[in-house]
Amino acid sequence: MDKPFAITLDVGTSRANKTGAWRTERPVYTDRLSPCNGACPARENVQSWLYDAEEGELGYERAWRTIMRTNPFPAVMGRVCYHPCEDACNRGQLDEAVGINSVERFLGDEAIQRGWRVAVEAEPTGKRILVVGAGPSGLSAAYHLTLLGHSVTIHEAGPMPGGMMRYGIPRYRLPREVLDAEVARILDLGVTLNLDTKVTDLTATMTEGGYDAAFLAVGAQLSGRAYVPAGAAARVLEAVSLLHELEQGRRPLLGRRVAVYGGGNTAVDVARTAKRLGATDALVIYRRNRDRMPAHEDEVREAAEEGVLFKWLSTVAHVDAAGVTVERMELDDSGYPRPTGEFEQLPADSLVLAVGQDSDLSAVEGVAGIEIENGAVRVDRSMMTGHPGVFAGGDVVPDQRSVTVGIGHGLKAAGAIHAWLGAGSPATEEPAAPADFGTLNTWYYTDAERVHRALLETVRRRSTFDEVVQGLDRSNALFEARRCLSCGHCFSCDNCFSVCPDNAVVKLDQPGAPYLIDLDYCKGCGLCVSECPSGAIQMVPEDI
Amino acid sequence: MLKVRVHGRGGQGAVTAAALLSHAAFAEGRHAQAFPTFGSERTGAPVVAFCRIDDEPIRIHEPISEPDALIVQDATLLHQVNVFDGLRPEGYVLLNSSRTLDELGVAEVRTGRRPDRLLTVPATAYARRYLGQPRPNAALLGGFAALTGAVSLGSVLDAIRERFPGPVGEANAKAARDAFDDVAQHRRQLADA
Amino acid sequence: MLSQIEGSLAVARSVMRCRPEVVAAYPISPQTHIVEGLADLVRTGELSPCEYLMVESEFGAMSACIGASAAGARAYTATASQGLLFMAEALYNASGLGLPVVMTVANRAIGAPINIWNDHSDAMSQRDSGWVQLYAESNQEAVDLHIQAFRLAEQLSVPVMVCMDGFILTHAVERVEIPEQAEVDRFLPPFTPRQLLDPAHPQTIGAMVGPEAFTEVKYLMHAKQMEALDQIPAIAGEFEASFGRAAGGLVRGHRIEDADTVVVALGSVLGTIEDVVDSMRADGVRIGALGIKSFRPWPAEEVREALAGAGRVVVVEKAFAVGAGGIVGQNVRLALSGTAPVVFDVVAGLGGRAITRASLRGLFEDVLADRVVPDRLHFLDLNTELVERELDRSRRGLIGAHAERMLRDLGTAGAGPY
Amino acid sequence: MPFPEVKFYQVGTFAAGNRLLDPDRRSVQTRSDRANSITSGHRACQGCGEVLGARYVLDAAMRATGGNVVAVNATGCLEVFSTPYPESSWQIPWVHSLFGNAPAVASGVAAALRAKNRPDTRVVAQAGDGGTVDIGLGCLSGMFERDDDVLFVCYDNEGYMNTGVQRSGSTPPAARTANTKPVGSEPGNVFGQGKSVPLIAMAHEIPYVATATVAELHDLEYKVEKAMSMRGARYLHVLVPCPLGWGSASRDTIRVARLAKETGVFPVFEAEFGVVTAVSRIRRRVPVEQYLQLQRRFAHLFGDHPRPDVVARIQAGADRNISRFGLLAGPEDATEPSGN
């Protein structure tokens, strides 16, 4: 058609006009550190495995394997972890945190049920490594070291593996078959476990066994010392030994009225256990108030539901057959408890002391270079003690004491040992910028209330050791996974592709790299950044 | 060339009359040009329309100031506008009225003119008779054919029937025919006198 | 078919024969009978396929034609006077886009004071709108010009205005030959647009053009109108050949061969002028008339050639440029620049004032007797007494040489009718 | 009913799409094969809301009609930045005529298509607020009243931005423009002026009238698709923030539009044959300050000499919208706009 000059044009010809020249800033796709990942002591990539789990059936196994890259205990974690990830979860500021822990448990149970396993793919390194202690930290280290191709032997002083997972956490919170399944999965990788084998002299054991490195993870199995004036015939027990006995099938005599002294999770566990052993009264005595109590709020709440009573702001002044005398305390401005001189008599058949635990460090006493400070072994950033080749983790090093922390130490130490053996370099990646709430555009997330796991009815909780917290089913696990905001990570919502006024976002449809900015046309308006739900794009200045 | 001027009031159909006349002439193979005084006159206001009839093509486009013939649809106009303005000495006048020129008080128009060309005809009465409505156009044209012979009654009747098909046309045709006879007879009387 | 028919209805039938696919119009006297006629023809299905759009204004009417034409439809509208002015913006757009819309302008004066009667102020006000302007001197020619207009418009992709005098022609019942459909179809091929809104071949129509190309676009518009100067006579010739009668063209002379006085005019007044010319010829006066059929494009050469032999040229026109003079007159002067003839500008028939043979003859005789000052604007049949009185009343506002001269003119003009 | 919520718990309803969502439930804009009716290289300002609106609307219309759209464009920013010779950003048939005649030109195109018996080719006319609510209103009303088969889209950026940000009939009260400066006792645009063309359109009882913003893509596309499924005169009024004229950051264009709806300042609703049939409810209601403070055109209401009284009047206007259209309640509670 002989169209008129100038007034009639061919379509799409403006692509010759490269408007990218206007730009002073450019958008760049980026990965920020999701709060959940940042908060996880076990270094799990939570956002990543939730992303996999969002796909449902197709993604569950991939999600589980993502967890297993850092943590060999998904089913256990899904029960006993106090999930700092959920405290950090950005969704908490929107409606309620994503039930990460419950999804993890779902995945862990799926794995056990379906018999998912991991395999050692690394070539054998020929290196022998001694792990002392088959607790969370030791088993975690053993797992990772084995996957790295090393040959690992664990010496465990006790008769069963699991450490605090077994002796510190009652079965109503962690059914033993779950624990056993996940421990077995580690041992099946080829880890040698020697039970009832207490290491008394680490260096000696290493020389005898020809070990190239060792990881000390004996935990904190000794009850903490607390002086309580006790009259004759007073029945006073220690929490740790009590739980140990219980685990070995014995039923310690506690009487009908049990007082527990302490504010940690152990104290609460003991009280709840006492209830299950038939105590009519279970009373937790703590010197500060509930806000300052170290025990996890879920535990305290569940305990209260089960009838456990709490006596706040009280210290035990004296105990005898009649009961416990407590002195009422008050908090000073710094929140530290101060005696008031007011006393009160509480009837009690027994008093259980749960005032902290200490580590049995006899194995390393006198080992050259190893420093011990307030009952803990000093380690450097790579978890290595002052003695080259000897690493330590879990409750024996100065850090928070929790199963999750221990597992994290195991992972970190394994990497460090691997590096120290010259088989790799210690992980030193720059931590990404945090994906805090402000970087998100939460408008785009559909409203969705969290699903909570059901609890066993309290009657049964008072009388049996059945698991209290129930799991998610397939549908609500998927729902919960999909509540994840994928903070700091692109999840291919196509917003950037859609909101670009200059059609300067190219959709690649490739996993991992879904989009590309066409700098020929991008004017740098920043709309893609503002409208990215998960804050996975940022503007960076052009060098002009 | 015959130049006709039609006087009427808005709504009486002066323009239609001029047009019908031109159609009648056209039917006889002659050239005719009918046109109104273009305006926005409203019902009741005095209006004028024109018609030229010739054997040659008509190329001029000016109003008719010296008509050869006048058709006056409404006698009440006589005392409102000078309908006879510019009327040629040998000109024709056909006035719609049941009364005579004398009765209408315009006898002086006869001076210097042929009385048998200056007639009244009760066109409205004929219209009422056949149409039941005071529409004098058809009757006036019938009368005009008789008065001037410029067009034949047949052509007039054809033009009327073409413009108003069906019974209305027939009724108009009857009125035209009666008016034709009326005027023809009237002329003979005056001619004989 | 030969019929005794009102000009407007004849044009409506002629337009129907041209098979427009979209007619958009807004009523304004004296154009109404044309579009009423077309509305009927569309309703009865005699004109089909065709969409008749009752738009909300003349601006809308022309805009709808622009859209229809851009979509490849043959588009037509009609208007007059204020309506044409209300269209003005869209007129320039249609011509700028090169859309072959055809429009009838039933010429009428422009207010204020409001006046519904005929003159050429409306069309003349749009003489530079880029539209071709053809003027009809009779209803027969109006009918024939529309058929030629569509042909010309679509051949050159340029909009064409057919101007016919309001009331004088539109409302006159005359003998007109309305061509048969088959004849018109032979003469006017189907519309093949130069640009088209078509999803199958998308185009961007109506781009914004800056200083770098605007001059060229306008130059090409001008070139197109110059091309029309060749096409118009060619098409008129072809028309005469196939329809057996002459119509249109650029100019038409009447007894100008040996005339030393030639009257130039356009539109329906030509017939009256020719009548006067013939009567004066009968008295031995060497006078002739030149009809301008195409005012845009302006046939400068043809006019120059036609008037070459004349000593006096009297331009009688129905519009003028207030504060300047005659419009056609200025164009004639331009065509004659550097040649002998003296040009007289006479404004006549403003707002429907009748142009009578008597007045015209008086004017021509005065011109022949040198009683008329050349190179100055004259008003035919001006009521000099009245305007003098009015000027007197506001004499304070009239001082200075120009004003004084105007008054002197009135003094002399007082003698004559102009 | 407005765009039905997708119960996909991550971003099903509001974001353009999601890798896990059935492609048909994703926005047209998420498709690699979208029409890109207006493509790269145009001269629109950074973060221009109008070009975004135009691509959203026309791509949706193209999809709804299988690529059978003809566009008519009024004079304005959109036309100027998309077609400076020798380059055009349009990829669909497009024509520009004048400022005030887009509706009539579209009527002509529609008439031509009818005459040519091409019912599958559909006409979309588009103009800014100037070309719609002011200079084009006469033609628009005519197009409505003839019920011509045209979808007319107004991209409302609330002022004459192309000519340097002057007041239009849809400039909101108190807004600063080049000819309503923030001086005098009533700083910015005066109250009680301007008009709602959606309501005027409804008064014509045309088949479909809807409002939308560039912030809710699914809602916008749903309305275009619905409009294209109907015949006759349809009107879509899309709020498109203008970073230049509003003094908002280019990255905030969509955010500002979202707030206009969430404050109630810009009611988003649908009407059929003159009756409101659905409203998009406010999801997270916010006071007008949050909307106003993102725009320098309202800066004079805050700053050193704050005008809480004026802000209160703007809030009152938003509250009127909320109660009039039932923006917080269910659609069935929407009270009829007066005049219908």
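Labels A, B, C and D are assigned to the chains in the order they are written; within every chain, residues are numbered from 1.
Throughout what follows, contacts are C-beta pairs under 8 Å (C-beta built on N, C-alpha and C of every residue); 3 or more make two chains touch, one makes a residue touch a chain.
On a predicted model such as this, the values are computed, not experimentally measured, just so you know.
In terms of the distance between Cα centroids, chain A is separated most widely from B.
For the interfaces A-C and B-C, the C-beta contact count is higher for B-C.
One simple way to say how far apart two chains are is to compare their mean CA positions; for chain B and chain D this gives 66 Å.
Centroids of chain A and chain B (each the mean of its C-alpha atoms) stand 114 Å apart.
As a whole-number value, the distance joining the C-alpha centres of chain A and chain C reads 92 Å.
Between chain B and chain C the centroid-to-centroid distance comes to 35 Å (mean Cα coordinates, whole Å). The set of chain D residues that touch two or more partner chains comprises 83, 85-86, 88, 90-92, 94. Residue positions of chain C touching 2 or more other chains: 97, 196, 201-207, 209, 213. Of all possible chain pairs, the ones that touch are A-C, A-D, B-C, C-D. By the touch criterion given at the top, residues 96-98, 157, 193-196, 201-207, 209, 213, 216-217, 220 of chain C touch chain A in their complex. Considering their complex, residues 18-19, 22-23, 26-27, 31-36, 38-40, 57-63, 65 of chain B touch chain C. Across the complex, chain D meets chain C through its residues 67-70, 72-73, 79-80, 83-86, 88, 90-98, 100-101, 103-117, 121, 138-139, 141-142, 145-146, 148. The residues of chain D lying in touch with chain A in their complex are 5-20, 26-27, 29-30, 32, 36, 39-44, 46-49, 51-52, 55, 82-83, 85-92, 94, 217, 243, 249-255, 258, 284. In the complex of the two chains, the chain C residues touching chain B come out as 3-4, 6, 29-30, 116-118, 138, 165-169, 171-175, 268-272, 274-275, 352, 354-357.
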